[in-house]
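Note that subunit A is present in both complexes that follow, paired respectively with subunit B and with subunit C.
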Partner chain A sequence: MIKQTEGSQAVAEAVALCRPEVICAYPISPQTHIVEGLGALVKAGDLAPCEFLNVESEFAAMSVAIGSSAAGARTYTATASQGLLFMVEAVYNASGLGLPIVMTVANRAIGAPINIWNDHSDSMSQRDCGWIQLFAESNQEALDLHIQAFKLAEEMSMPVMVCMDGFILTHAYEQVDMPDQAQVDAFLPPYEPRQVLDPAEPVSIGAMVGPEAFMEVRYLAHAKQTMALDRIPEIAAEFKEAFGRDAGGLVRGYRIEDAETIVVALGSVVGTLEETIDTMRAEGVKIGVLSIRCFRPFPMAAVRAALARTARVVVLEKSFAVGLGGIVSTDVRLAMVRIHVRGYTVVAGLGGRPITQDSLLRVLRLAVADELKNLTFLDLDWDIVNRHLAREAATRRSGPIAENLLRDIGSGARPTTAGKAQP
Partner chain B sequence: MGANMTGDSPILQIRIHGRGGQGVVTAAEMLSIAAFEQGRYAQAFPSFGSERTGAPVVAFCRIDDKPIRLREPILAPDVLIVQDAHLLQQIDVFLGLKPDGHVLINSRKSAEEMGLGEMAARLPAGHLVTLPATEIAMKHLHRPLPNAVLLGGFAAMTGMISLEAVVHAIGHKFKGEVAARNIAAATEAHALLAAAKEAGA
Partner chain C sequence: MTQPIKFYQTGTFTVGNRLLPEGQRSVQSSEARDNSLNSGHRACQGCGEALGARYVVDAAMRATDGQLIAANATGCLEVFSTPYPETSWQLPWLHSLFGNAAAVGSGIAAALKVKALKAGQGQATTRVIAQGGDGGTTDIGFGCLSGMFERNDDVLYICYDNEGYMNTGVQRSSATPPAARTATTQPLGPEPGAEFGKGKNVPLIAVAHEIPYVATATVADLHDLEAKVEKAMRLHGARYLHVFVPCPLGWGAASCDTIRLARLARETGLFPVFEAENGEITSVTKIRRPVPVDEYLRLQKRFAHLFGAGGHPETIARIQAMADKNIKRFGLLAEESAA
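Up next is the complex of A and B:
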């Protein structure tokens, strides 16, 4: 059924259609609306049988998820930002134990300074934790990815993180096509665990493993993620066959066939990039965009194949490794070994800074002319940066950075809409 | 239905200004539901800034005949809806407004009385309109929540959406008595501005 709804509500309904048996969550913006929606469905009896647990922290949420998944229940949770960081120890345990939990990460910046708005720092901090990470471009895709995620997780016995941009998607009202229960039931078979805590057939899960086998257990996690590289596009194809929509898979190219410049990005910014690419194409610039829809396992071969014949690659990412530069860029570069291509990294949209077409046009035109720096921070306010550097050079007791910068801006807060352009 | 309801009209961008607690985000969401009800693609989203009660809040709605890919904030609005006229002294709500744009302000005063005569003169006739939305809301809801009232006014003023679609959207967001009272308030605002438009035409 096609309807106009909020992204979080759409995801809640899609998760409910997957018949989770245990949902445990601790509220944190911008994820809260998703589990609120699911809580309402459980309370109304529209999602049954399902146990909804309010837990005391994110660490408890993932710990409950581990227990219920090990007991054979289809299990779901959601979090964001500091919440994800707080559950990290259990996040690694979930993947290390091979438990097919599905978790939404409503992408949000990590503090300090505290910031509730969107970027990819939270998911990127967990890129090596052993979970599969899928990124949604739109609310329709977020909805569709959750249905695929349960199938993928349970087939592979591996947890899956569905990453969707906080606020930009979670709080956006747009049109979605919501499948019906029969369609989802036909696509997603009941959960058949590889391992289960069953009193009738007792096993233990979570043995201590010493040097004699630890490397082998870890290697098997890598081998399984490598196998998932084959299974993810197959599931996307099966989904398209069943639901008639293109969602998921490893990568998706837009106007890349003859492109001399390809922008690589993840998530909802791909839509704004497509508009920008259309503008540049109309000016005769051969440019396209490659959306990475699956970040872990990293689709090395698919990225390499998509970028092999282009002259330059601009990785636009909402994440940033302090002291290094781009995070996605590093992986893309690894995929491009021995391919000669000019590579640029543009860090954009940190902490909810809007990514506008005008700014993208400016930076991509510089890239096409090969006048862009290797590492660029989109719309960085150099004035307040340099003022603070001067302050530190001038005086030892220069004070807290965040407070100083806010004072320099004058209002005590960032403008509310579009960087410096808005009231 | 107005001229903008035809098959290949350009994207319509609406920016709503108000304060936290005034239902600014809900207004944008209802507008998107109303547009969807009329067979169009619509996208509503909040601004990414302070969300405290009383703080200036901005929400956005895009309406188009094709799926909407763009996700930047609305920088050059076709329509501005101002839920709290006091914001005019605080921020430049008109920033980026298209030269032929529409402005609807919640106020008992006329544009001239508000000192906006020059702004009104720059826009096409009838494109800057005030509506006593708080008073209408107090009458029907007994609370100063002007959002649904202004959507009724917006429908009459621009013809970009129908009153029926607004009524449907209110019914989607609110239930029972609250929905009925908001619908009555929006309908009164629609009648008021439709009559004013008729008189001005």
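Up next is the complex of A and C:
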């Protein structure tokens, strides 16, 4: 059914169509509308029997999810940003135990400084945690990916993170095509756990494992993710067959066939990039965009195949490894080993900084002319950065960085030096 | 049999199962006991936690007719029972992390509730316990524990309290008593050992959550322990059982003194044994033969710095004052021994 709805509500309805049995959540912006939507559906009895637990922290949310999944229930939770970091120990535990929990990450920056707006720092911090990570380009894809995620998680007995851009997708009202219950039931079979806490057949789960088997257990997690590389495109194809829509898979190229420059990106910024690329194509520039839809397992072969015949690659990412540069770029470069292409990293949109077509056109034109620096920060205000560096050079007690910058740009933040406070 | 049996009638404090009618005998005296925590595990000789867990889980198994699932925090109990590929657990058992056993228990209970409803049952027949040591309960797992309490999730949480982080090498927890030596509260300086005025009373904090059932127990009175587990399993909602389990290794005590120390902790008043329902204390186990705290302290090397030349009699007096406060607060003195 075609409807106009908020991204979070669309995800809530899609998760509900997957017949979850236990949902637990702790509120954090911008994830809140998703779990509010699900809470309302559970309270109304629309999902009965389904348990909705309001827990006291994200650490508890993931821990409840671990218990319920191990007891054989289809389990869902959602988080973002600080919340994802607060549950990290349990996030690793869920994948280590092989529990097929599905979790939405409404991507948001990580503090300090505290910031509620979108970037990919939260999900990227968990790229090595053993979860499958899928990235949605649009609300329709976010909705569709959740339906695929339960199937994938339960088949592989691995947890899946569906990453959607906070606010940009979660709070945007867009048209979506919402499947009906019969369609989802036909696509997603009931959950049959590989391991379950059952008094009729008691098992110990979570035993202490020493050096004699730990490497093998970890390797098997890797082997499973490698298997998922095959299964993810198959599930996307099955989804297309059943629902008539393209969603998910490993990567998606846009105008890359003859492209001399390919921009690699994840999530909703791909839409902005496609329009930018259309503009540049109209100017005769052979440029395209490659959307990485599955970041873990990293689709090394698919990325390599897509980039094999291009001259230059620009990785545009909403994440940043302090002291190194790009995070996605590092993985993309690994896929490009022994392919002779010029590579650029553009860090963009951190903490919700808008990524405009004008700015993209500017950096991409520089890239096409090979005049772009290897590591570029899109629309970085060098003046306030340099003024702060000068302050630090001049004064030992230069004060808190973020507050100094806010004062510098005249946002009305109070000065931190005593005696100089202004109303 | 018309006369009630008193377990201390032999004068040895031992539990004389053979004197009891069948129904009152300990679960452990039955050949049909579940052995939920089976022999062959790697606990130290005289481990109070292994003894406590064995009685608790078997009693819970009997109370639920074997329809029981356990969540376990990281700690001695988890480590000594499950070095891969062996396990001592004869029931479905899940170890996730150090600080989340209560929340994992909540998740299991939620799943069981949904499964029961799907099977057309009103209430889940399979029940849930979650268990951990004092560190996993009163410190790192405290948030999850309080959350499980306030949601009144259908979980019995058992804390095996040996008053410190024994698995990591005997460090202080918020259950470590004042003056006790641990690796992080050394017997040095003017106030040796753990400081006074710190730590928290989690059984009373549990009572403050007004959950259906809170009880304390020791491994010195295993019948009482079993009875409390059975009572807890007859109830639904969040329940908390705090079991005092001496640790020979961490306390520097003889392995043969585990039961004796547990009994002395109760008889000095240092560890009040009580029950509470819905926020009200409903029963206390009276002290039969009051003993001064130094009888209890002397048996443990963690308090050795308090005795002998250069000892700290004033510190012992402060510990005695704590015991006296408990005795008064909980009304622990039996009338027959009050004189």
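Here is the rule we go by: the second predicted complex is superposed on the first by the 411 of 423 C-alpha atoms of A that agree within 3 Å, B and C clash if a C-alpha of one lies under 4 Å from a C-alpha of the other, contacts with A are read in each partner's own complex, and residues count from 1 in each chain.
In the analysis below, a residue touches a chain if its C-beta (ideal position, glycine included) is under 8 Å from a C-beta of that chain, and two chains touch if they have at least 3 such contacts.
Small disclaimer: the values here were computed from a predicted structure and weren't measured.
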Given the touch rule stated above, what does A:68 touch, subunit B (first), subunit C (second), both, or neither? second
Regarding the shared-chain residue A:49, is it in contact with subunit B (first), subunit C (second), both, or neither? second
With the two structures laid over each other on chain A, which partner does A:81 touch: subunit B (first), subunit C (second), both, or neither? neither
Report for A:133: first if it touches subunit B alone, second if subunit C alone, otherwise both or neither. neither
Among the partners subunit B and subunit C, which is in contact with a greater number of residues of subunit A? C
A:148 contacts which: subunit B (first), subunit C (second), both, neither? neither
Could you look at A:225 and tell me whether it touches subunit B, subunit C, both or neither (first, second, both, neither)? neither
A:310 in the overlay: touching subunit B, subunit C, both, or neither? Say first, second, both or neither. neither
Looking at subunit A, which of its residues have contacts with both subunit B and subunit C? none
Help me check something: in the complex, which residues belonging to subunit A touch subunit C? 21-22, 24, 48-51, 53-57, 59-60, 63-73, 75, 89-90, 93, 97, 197-199, 201-210, 212-213
For subunit B, which residues count as touching subunit A in their complex? 25, 28-29, 32-33, 36-37, 41-50, 56-58, 67-73, 75, 90-93, 95-96
Given the complex with subunit A, which residues does subunit C contribute to the contact? 66-69, 71-72, 78-79, 82-85, 87, 89-97, 99-100, 103-115, 117-118, 126, 143-144, 146-147, 150-151, 153
Note which residues of subunit A are touching subunit B in the complex, please. 3-4, 6, 117-118, 167-168, 171-175, 268-269, 271-272, 274-275, 352, 354-358, 413-418, 421-423
